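Here the chain labels run A, B, C and D in written order, and each chain numbers its own residues starting at 1.
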Amino acid sequence: MKSFEEFTVKEIVDQIEDGILLGIPADYSGVPMTFTKELINKGVKNLKLYCLPLTTIQGDMLIGSGCVSEIETAAVTLGEFGLAPRFSQAVENGKILIKDSTCPALHAQLQATEKSVPFMPLRGVVGSDVQKNRKDWQIISNPMKSSGVENEPILLLPAVQLDVLVFHASYADRNGNIQIGRRRELATLAHASKKVFVTVEEIIDTDFFENELSAATCLPALYIDGISVVKNGAWPCKLPGVYESDNDEIKKYSIAAKTQPSFNEYMKQFLKS
Amino acid sequence: MNLNIKREELLISQLANLLKNDNHVAVGAASPIPGAAALLAKEEAKNFNKRLRVTILHSNKYNNFTDGARELFDCAAQGRIDTFFLGGIQIDGNANINLVGTGEYPNVDKRFPGSFGSPLMYFVVPQIILFREEHSPRTLVKNVDFISAPGVSDDNIYRPGGPKYLLTNRALFKFNKKQKKFSLFKLNMNETLDSIIELTGFDFDVDKDLSEMDLPDKTRIETLRKCIAPMVSEFYPEFANRIWGV
Amino acid sequence: MKSFEEFTVKEIVDQIEDGILLGIPADYSGVPMTFTKELINKGVKNLKLYCLPLTTIQGDMLIGSGCVSEIETAAVTLGEFGLAPRFSQAVENGKILIKDSTCPALHAQLQATEKSVPFMPLRGVVGSDVQKNRKDWQIISNPMKSSGVENEPILLLPAVQLDVLVFHASYADRNGNIQIGRRRELATLAHASKKVFVTVEEIIDTDFFENELSAATCLPALYIDGISVVKNGAWPCKLPGVYESDNDEIKKYSIAAKTQPSFNEYMKQFLKS
Amino acid sequence: MNLNIKREELLISQLANLLKNDNHVAVGAASPIPGAAALLAKEEAKNFNKRLRVTILHSNKYNNFTDGARELFDCAAQGRIDTFFLGGIQIDGNANINLVGTGEYPNVDKRFPGSFGSPLMYFVVPQIILFREEHSPRTLVKNVDFISAPGVSDDNIYRPGGPKYLLTNRALFKFNKKQKKFSLFKLNMNETLDSIIELTGFDFDVDKDLSEMDLPDKTRIETLRKCIAPMVSEFYPEFANRIWGV
């Protein structure tokens, strides 16, 4: 007996409404590319992307396809294939709102929600233009009498709760537990999301919790609202430990995405594939 | 002795010289030269019976962390990382770095990826080495267009870390925190004080011991080519192939 | 080649100076009882114990042996064998300073140090006598304009850094990585400690980092200052997944500890064992 | 029908009745009766094709967490736990609970273990069930000597959770948040309103539907004895052996 909801990718996409705040995993955490493709096919609009802490082609494709109105991130990049062209152009032209952030702040805002506290303090960052451009961040004088120097400015970051998180992973067990290994940022993301959907390479007929060590590699089923089996669901991105990224495809994308027309051409093919 | 030392090898050697007192060096994504330098320093430390820990985020093998992507930042904030490397599309004379874009923010003329972890790392890691291969008036500027992370901070701001060196293709600078100014320290072959002044957009001091970059000796070059190159090829295959044909 | 410091238990004990703040793991996290025995033999004084979040016989024995001046904890208990008698009497007689806390606050104070921030906010707790008796805690009105109701009181907890943490685990690998499985509170403790020593059942000739899944079960060697091999090093406490607690011995202790003279008798035997 | 229902079975049954609308019930250490009740409710939910998740911290098998000891508290703060159980050496009429000691703090007359997670859990879990077997004027008091966690809070305090029920050997009370007062709801066999008044140190209201505790029917008792008892014996062996001889 499977004790969790098994969905099709389309059923997961059906849960993504226009305008929601969507959690975006980094390239090393399992990028749900098949899901992203279906999301673009659906024509979703005005997504707000929250990247932990960055995105590669997933974000660039969603932006180029006109699905995104806002992105909060530490970086958008195609890595060794250079800049993310649709992202860069959308920012340069003011087509999307960019909330420039930094990795530790993106983690901390989710950790605040993880603990249900209204904010998290962070050191560093103060005095940067990253900080100065974030009107939702506040600086207070360190209120803790027992610590710090006089008038030490401390940055307070607001708790951020995601509407939906979708990521791709290698395995789920029969109870819906997801093997994430060292990618514990996925746990932080899940804890801070109202809904969590996961695409996996395979559901295996075992119980990861039967053994303390394999239990330690899991994100527990209690945080998961639905699972869909999708072979190669991260392609052309890598799925760490399972397959490498398809560099030929990403290179092809990086060239096509340089202009909107050639991006559109590329996507026509990609969405059918 | 002509070892046919490559430009990249010379830079790796300069960086390795700066890591001799470290216990833990961390290297971010897409940094093959700093990565190779850290591994070289680790190998050489063994000769002094010293353990240097190297964390290379881009690699599974040299990734010492198990607490997810935030552990690098937590670990650095705890003071457990002695040296980290940062770059910049622009770096200015106060060691401010810009990883975001040129022109007026937010709708910059040319948008780059973003600030990554620099706004925290620059504050908490004791030795930040700025590394930017291109040495030109467009990379080393008078004032950056966007401060991803400031080079210096007021005294009431918690800042155990900050910039110590800036290495380019052409020169190595020290950063003087009190004067908020770089000081030219080493020149690459074929460079002169004048050529550096011409190609640098900001004012800098000149160290009294200004000299040429030390060439790596034969032992170091052998270690690099025989021992480090295969390691690097594991996580920067393209780079290792281009430089060493491995 | 072992790439870490291997110590004797005595060498670890030598690192524990009078008056330090010592991290104490819960009964499920690996209680270093052999170490504790040697610590009592050494006659260390004025220890401050920081329990995450509670202690059982380890704390009770240290208190009964006169090693402790202060304890910060959510509970001290012998579990199914009842109250911790030496703890209870020491508190009743004012022999030790008790900083009553609660589990989430003990976690959060270490997480503040983990991030090198001066404080962490916590919800709940406000209005309890736990909160009212903690002069090192502060209540401020929620400064985050974007969240909460008007004048919402928020508890701020100071960052706490431990001087030394010692715990017992099943395995270290040849590089000094410690297998902790799901006991991730040990990572929080270690991140927040100046020095960390671990006693282990065994050092095994493997590299836990060779495999992503076994890497995920580890506390990395970079946080560890020394390791000592001690068979049955948690006895009479349990080592989860390896051996159960010796309930006969703990029961014997719980009876003997009811009075100081019979506790002293018991300890004479115990310290020799 | 005489099923020879034991006192503990009756209490388990009362608690199971309160868990019918839950998705996730968590049970702390040393709580065999709440633990058995949660597992019973989980088993019975299957009949309605409903999944009830049970987290029993004392057990490895029913511990759903992988983020260390803090995850219970984080999970509760996130609103992902519907019901949790708390006890108290003293409980007063405002539902304040005391887990610390009797007499004047800090050097109390009799010191108990401490407050555990109650100061947070009491605020964030929507349905807190207070469970204290001993029903006497020394456990149910007018005012607790130490408030480990308050029963009610001011409106400006974040408090999605709080006390909903109090179960003892003798009675089940509902808690009325507005009136800050318990209301007697169910009586154990052989108890009367008068006996409860006499043995309760605080004032309480009487529910208009005051009745005897419902006895578990034959199906439930069979489920409990055949299906739940062996599960309980896995993590509370002494209890399971005493009650069910398993």
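The rule is simple: a contact is a pair of C-beta atoms (placed from the backbone, for glycine too) under 8 Å apart; a residue touches a chain by one contact, two chains touch by 3 or more.
Keep in mind that what you see is a predicted model, and the values were worked out from it rather than measured.
Chains that touch both chain B and chain C are the following: A. In this structure, the chain pairs A-D and C-D differ in their number of contacting C-beta pairs, and the larger number is found at C-D. Look at where the CA atoms of chain A average out and do the same for chain C: the two points lie 35 Å apart. Note: centroid distance chain A to chain D, computed from Cα atoms, is 39 Å.
The mean-CA centres of chain B and chain D are about 59 angstrom from one another, to the nearest whole unit.
Separating the CA-averaged centres of chain C and chain D is a span of 29 Å. Counting partner chains per residue, chain B shows two or more touched chains at residues 60, 65-67, 73-74, 77, 124, 158.
Shown for chain C are the residues in touch with two or more other chains, namely 104, 115-117, 122-123, 148, 152, 182, 184, 187, 212, 215-217, 240. Chain contacts in this assembly follow no simple pattern; the graph is neither a line, a ring, a star nor complete. Chain pairs that touch, as defined above: A-B, A-C, A-D, B-C, C-D. For chain A in complex with chain B, the residues that touch the partner chain are 26, 28-29, 52-54, 73-77, 79-80, 83-84, 87-89, 91-94, 98, 100-105, 107, 122-131, 133, 148-153, 182-188, 240.
Remark: chain B residues 29-30, 60, 63, 65-70, 72-74, 77, 99-101, 105-124, 146-150, 153-159, 238 touch chain A in the complex.
Of all residues in chain C, those touching chain B in their complex are 3, 113-117, 184, 187, 191, 209, 212, 215-223. Residues of chain D that touch chain A in their complex: 24, 51, 53, 55, 60-61, 63-67, 73-75, 77-80, 124, 158. Residues 104, 108, 115-123, 136, 138, 140, 142-148, 152, 154, 156, 158-159, 179-182, 184, 212-217, 240-241 of chain A are the ones that touch chain C when the two sit in their complex.
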